[in-house]
Amino acid sequence: MIPTFLHAIPLSSQVINLCAALMLLLAFAMLAQRRVLTLINLFMMQGFVLFVSTLIVALTTNQHELLVSAGITLVLKVIALPLILHRLIRKLSVKWDIETLLNIPTTMLIGIALVIVAFNVAQPISQLSGTITRATIGIALACVLLAFLMMITRSKAVPQVIAFLAMENGLFFAATSATYGMPMVVELGIALDAMVGMVIGGVFFFHIRQQFDSLDIRQMERVKEG
Amino acid sequence: MNFYALFAQLLELAVALVLAPILNGWINQCRAWLQNRSAPPLLQTYYTLSKLFHKDVLLAHNASTLFRAAPYIIFSCMALSCAIVPTLSTDLIFSPAADAIALVGLFALARVFIALAGMDVGTSFGSLGSRREMLIGFLAEPALLMVFFTTSLISQSTSLSTIVETLAHREFAIYPSLAFAGVAFTMVSLAENARVPIDNPATHLELTMIHEAMILEYSGRHLALIEWASCLKLFAYSCIGIALFFPFGIPEAAQPAALALAAIILILKLTVGGFLLALIETLSAKMRIFRAPEFLGTAFLLAVLAMLVHLLLEAGQ
Amino acid sequence: MIELALVLATPFATAILLALFGHRRGAAEINSAGSLLTLVAAAALTIHIISDGPMTVYDEQFFVDPLNVFLIALTALVGFTTSLFSGPYMRVEHDHGRLSSARLRLYHSMFQMFMCTMLTALSTNNLGILWVAMEAATLTTVLLVSLYRTPASLEAAWKYFILCGVGIAQALFGTILIYFAAERVLGQSGALLWTHLDAVKSHLEPTVLSLAFVFLFVGYGTKTGLVPLHNWLADAHAEGPTPVSAVLSGLLLNVALYAIIRCKVLVDGALNTHFAGNMMMAFGLLTVVVPAFYLSRQKDVKRLFGYSSIEHMGLITFAFGMGGVASFAGLLHMTVHSLTKSAIFFAVGHAAQMAGTQIIDDIRGLVKMSPTIGWGLMLGSLAILGMPPFGVFTSEFMILTTSIKHYPWATPILLTALGVAFASMFHKVQGMVFGEPTVRPLAHNPALLPVFLHLGLVLMLGLWIPPYLAEWYRQAARLIG
Amino acid sequence: MHALLDWIVLVACGWLLIGLIGIAFSRQFLLITRLLFPFGAALGLLLAALALSALVAGPQVRILPLGLPDLPFHLRLDALSGFFLFLLGAAGAGISIYAAGYFRRGEGTTPGQQCLRYHVFLASMAFVMLADDGYAFMVAWETMALSSFFLVTSEHRHAEIRRAGYLYLLVAHIGAVGILLSFGVMAGSAGDYTFDAMREFSTLGIWPTIAFLLALFGFGAKAGLLPLHIWLPEAHPAAPSPVSAMMSGVMLKTAIYGLLRVSFDLLHAQLWWWGVLLLLIGLASALFGVIFAAVQTDMKRLLAYSSIENIGLIFVGLGLALIFKSFLAPNLAALALTATLYHCLNHAFFKSLLFLATGSVLHATGERNLGKLGGLIHRMPWVAWLALVGALASAGLPPFNGFVSEWLLLQSFLFTSGLPQGYLNMLLPVVAGAVALIAALAGFAMVKFYGIIFLGQPREEKLAQAHDAGRLERIGLLWLAAGCILLGVLPNVVIALLDPVTRLLVSGGLGAVASSHGWWLLAPISEDRASYSPAIFLCSIALFMPLVYFAVRRYYHGRMKRVAPWDCGFPLQTSRMQDSAEGFGQPIRRIFAPFLRRTREHPSPFDTEPRYHSRVEDPFWYWLYLPLTRLVERGTRIIAFLQQGRIAIYLLYSFVTLLTLLVLTRG
């Protein structure tokens, strides 16, 4: 049944599927990346893919609200946040190398397992999907889970925040592309969240650095149970 | 409640008061004979009591009212206990007033008072004696109760009069349980009356004393009353033994003739009993105080055994 | 309608005002006045709802029914009493030099902002707005927790930020899935409005809804403090200023749980099984048991009560999981737990100020130095430990009896946990309240009206639940199912 | 119709009100001690009178507009609650009037607070006995525990008192959990927690047994049964004496009440082995209590252990009653139950009396340690003589009240041979023997208690300054002592009062038989079987004594000289050479060594200031409680290991939780 269905897919949907694949690819790339600056660049690229897919959805479904969403994505995720992150890193003179708590190949293996799980979980949802882009929800879930994994494995504050933002990318992708646009308020919310989260994170970086002499969150293990 | 019952009651009390010191004298005589000593007169206890009554009381500075009241209380308790135990008749006005358990309670009351009196002056010997007396007491009391229980189970009653009536006047039966109970009772009586092997009534070596240590501070009429009370206690125990194990000859009705006959039988029994007691005392040696728990524990076990034997062998009857 | 607007706008306006003047003298009074106004508006709203029934306003984006109006009233009340308490408390902190004026301003402003987010979360009809409000609540509290900027407070705030941020992201995914399922039935317009969803819940696709519930449960459950997602909670409670601990425990956890309950209603309607309930019961049970064993290890008094909050959240979750009569008990327990726990935190805050430390072993003899604080802490702890005649016992009684009736196997587990909690916690509290004093009197008169007001209410609920309140709980419980 | 119940509720509310007035005017010392406490005592008397009339009136019920919406407070007054309310009122009156004189200014907690706690304690006990549904019962029950906990920790500055209070409340709370579960089992699937519903609802199979065992656990914890007695010897000494008296005399009885209510009233059928269980646990507690009482060196601890003993005896009686009831012998069950209830009443009086006496001693000397007391009969004659009554009653001696109940208990043992259970027939006589042993040991402990405190020479110099009890205290002591004597001398009156209770619980009573012999002769079954007349007993001793006294004076003389005691040839006698408390207990320690856990230090022979130190500790603490604590500690260590402060691990928990749930949901 699926092959016959493939032929019927319009071009826009095919592009969105491509975007989804790119999202996933970028997520894996971020998971594997050892250097902070590259990580930011990858994050920026993910933001751009997100922007493209949102734009296509907006154009194909004629939802003008989504255009606004796309604009926000472009401004925030592709331009503003990467810029702020770059400046922060320079200001805080963060070491470029990222230390991971788990070595990269193992992380990748776990990542693949996650993707399988995510697809499996999303299967009933995609079957139900009324939209043409049925695989995207699974990919969005996979992106979220991969970002989650990245948060677990990173031991510095900056990559952790980037992973957090990447997770929001995945969510945003799910909200716009997979569902073909949720009510505006949610997207605004996500954007706001990312913005404020970033600001707070930035504020925190300074304080953490001040108090702990480093941004290594492994030092933050004092408050705990005996 | 009739006149005869009252008469029998008063007579019994009088007999007890009179006979108790004589019984003591008799035992001492027997002991002397058995030990190849020359014996004191039979009425020696009376002489002693009379001498004590005439003497002034020397009271320790620290003695309280309790100390002075105790001899009277103890004497009253012992007299009452002698009145309760049926010796001459089972038809007594006091007999419903107290059963076997109450009798044990009465003995305990007297014991508590004598022990408290022993602690009152605050000398080391007094409280030593009290402590030992209470030790003996708490071991002996349950054993005595168990003996009573055995007989109560046989007669379906704890009333002493009913027990005696059952054992003496209803259909004759051999109760193996009573053999056990009898041995237990003898052991308890020895302990309770400060006899060898638990205590030595004749000793005045402080470290081994029990009874004598408690009454060390008593003198004059107080001592006389206490000595008399001890005689009464011995008498009461003897009578209990007679009532439980050799009740034959105690009449149900309190007719004067029956009473007279009962009195004679009683004196005979006491004579034999006193001799046996002297014999036991002569043949055994005094124990260390911490052998006493074993001794009395054995008595307790025997009494329990008696009860179990009754339940096993005799309960069907 | 105007009441709701006031309820939402007052804290927001006060927050703006305090952002400008929060460091001046009288800021605490403004704070209290704003909270009082909110409380009055909430009371008016409550009366309105009692007399006129549920209402939906503002293009259906907001709605108020018996379930959330009671939480709104509770939130406004605890917010008001906390603002009363925070006046003298913050003055002492300021005097001790732990807080600069700028921080004070931040505190006051964020406090009102936090109230605003919570009231929004409670009154909104839109699951999206609910999520946004929850997220905003997280962000404001992160700032509040890190107020002292000590290493420990930064660490706590960071963990709070990351864990709850991740959690809230899961919740968003769950919300998206719900939308995904609802869109097919409702179309785009009303697919996130709870009232619409509720109306068509039996037509929603069960598989999607169950997956959505998993995400929502993990997401909001992180904020509720369910084990094993609870790890931020004790840290945040211990390191933030005490008024913040009070509202965290007393309100935020409730609101998060409220979000779960709203979703549970939809899932139950779609699935027609006890799926959500079972999940809540399992996590509730775990959340009751695990913190009980943490309690005895605590050296910090606020951590101690933080764990106690987790335990009670577990109990409430368990109660809602059972449903039926237990929902009534769960709502009651929410109420009494909020009141009691915030009262305890008020007392604890002053106690820690008197002792100059939060270390339990260094706080001794409170009752001697300040009978009101000492007794407040003692009675509050006894109440929270489930001692009659306080209201916590009432709800625990109902929860336990329902559990005996329907899930007898769970009862011994609950009771063991409650027993261990009692043994561990009471030992510590007794040591703090009694004994030879090591604490000094406070420079300012503490505001203890809130403590005794709360405890008085809890005592009343233990002996007598007013009929209209009971009726109200009943209606709310019926909504939950 | 229901006026009686309302009046009783009013009395309880009156107590609450007194407490509130006390806290409101907590600085008005005279108001509190001279007005409020005596007024509380008067309310106690009123309660006793009301309860007496309630014994004969039929059951009355009332529903208060308080409590849960679906389960308002149900109250019920029947003969059983009437009896225990009588106990509360009668003993409480004496204790309250004593307390009026006892609480002083400037000692620990303020009198105002004490007034509140004390009266809340009283009121909650009254409500415990009135409660007719699970919720009301639990509320009253825990309020009782809570108020008494605060009373116990009045002197909270001492670490050991805090420890005692903690232990007390903990055990009380755990016990309450047992009770709650028991109610839960009895309410069953109907889920109705009114006692009426529980009476109607008959659970089947194993459930009644579970309910009974849970109730036994819960009420046993409050009563101080082995092995849950651990709090009792700590809490009773820690509390102020009127409170110790109240707790020991009255509060422990609420547990008896509860167990009676559950096992005889709420549960339908009784199994005979429940009775055996009660019997054995009671016996063990009694034996344990009395042995430990005999070796104590602290006077209030001694009394506390003696309370365990008495509670043990009460449970023996309960067990016997249960056995008889399960074998459908209502009259015998009535006999055993009468003995039990009688002993409850007696214990309330004599133990309160003794605790109050220790309170006066404590006030006069500041000393609880027996090793530092002595000779107080000279300085405190009132207290000493009244305490003698209590001590004799507690030792179970005729003609005092303790003897009557023990007599009845032993009587009921003698009827066991007819039971259709072979082993029971063999077991029960042995138990009777053990009961006799316990009674005798109680005598030992009481002689030690009384002799060492009141007799002998003062062991410390400061004892010379001891003062006798004040007027109000004396009234309280007198009231209780009079109770001990009256209850001992008028057993038939008491038995007639108990008749409605036994009729309610076991549908048999001794009232008719007992009263057929007139007021002076107690013959519960028949005169032939057993009889006891304390009146004759008392009269004959009371007559005989003066007779002997006057006879001796008349025929001889009354001369007397005061001299120094005989020094055995060793002139340096000091008061330190008297038997100490340790010394007096030595035989018991030696005989029962295997049951005691003892640590002692012998001084070296070369020590110039030798100190001998010996401590007897509760073995249960080491066998049961410490291992349990260690178990919990291990649990906390394992769980704490989960939270190591590393955020990555925390995230991992969330991650794993999410994935697990997803996989489970999909699967």
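So that you can tell them apart, the chains are marked A, B, C and D in the order they are listed, and the count of residues begins at 1 in each.
In this text, a contact is a pair of C-beta atoms (placed from the backbone, for glycine too) under 8 Å apart; a residue touches a chain by one contact, two chains touch by 3 or more.
Quick caveat: nothing in here was measured; it's all calculated off a predicted structure.
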Any chain that touches chain C and chain B: D
Chain nearest the overall C-alpha centroid of the shown protein atoms: D
Per Cα centroids, the chain farthest from chain B: A
Chain pair with the most C-beta contacts: B-D
Centre-of-Cα separation between chain D and chain B, whole angstrom: 35
Centroid spacing, where centroids are CA-atom means, of chain C and chain D in whole angstrom: 44
Chain A and chain B: spacing of chain centres that average the CA atoms, whole Å: 101
Distance between the centres, which are taken as Cα means, of chain D and chain A, whole angstrom: 70
Chain C residues counted as touching two or more neighbouring chains: 158-159, 162, 166, 170, 211, 294, 297
Contacts with 2+ other chains: residues of chain A: 121, 124, 148, 151, 217, 220, 222-223, 225-226
Multi-chain contact residues (two or more partners), chain D: 639-640, 642-643, 647, 651, 658, 662, 666
Interchain contacts (touch definition) - all pairs: A-C, A-D, B-D, C-D
Chain B - residues contacting chain D, complex: 53-54, 56-62, 64-66, 69, 72-73, 75-77, 79-80, 83, 94, 96-99, 101-102, 105-106, 108-109, 111-112, 115-116, 119-128, 130-132, 134-135, 137-139, 141-142, 145-146, 149, 152-153, 156-159, 162, 206, 216-217, 220-221, 225, 290, 293, 300, 303-304, 307-308, 311, 315
Touch list for chain C against partner chain A, complex: 126, 128-129, 131-132, 135, 139, 142-143, 146, 149-152, 154-159, 161-162, 165-166, 169-170, 172-173, 175-177, 179-181, 183-184, 188, 191-192, 205, 207-208, 211, 235, 238-239, 294, 297
Chain B-facing residues of chain D, complex: 374-375, 377-378, 381, 388, 392, 395-398, 403, 407, 410-411, 413-414, 417, 425-426, 429-430, 432-434, 436-437, 439-441, 443-444, 446-448, 450-452, 455-457, 521, 523, 527-533, 536-537, 540-541, 544-545, 548-549, 552, 555-557, 559-568, 573, 575, 577-579, 583-584, 586-588, 590-591
Touch list for chain D against partner chain A, complex: 639-648, 651-652, 655, 658-659, 662-663, 666
List of chain A residues in touch with chain D within their complex: 101, 117, 120-121, 124, 145, 148-149, 151-153, 155, 217-218, 220-226
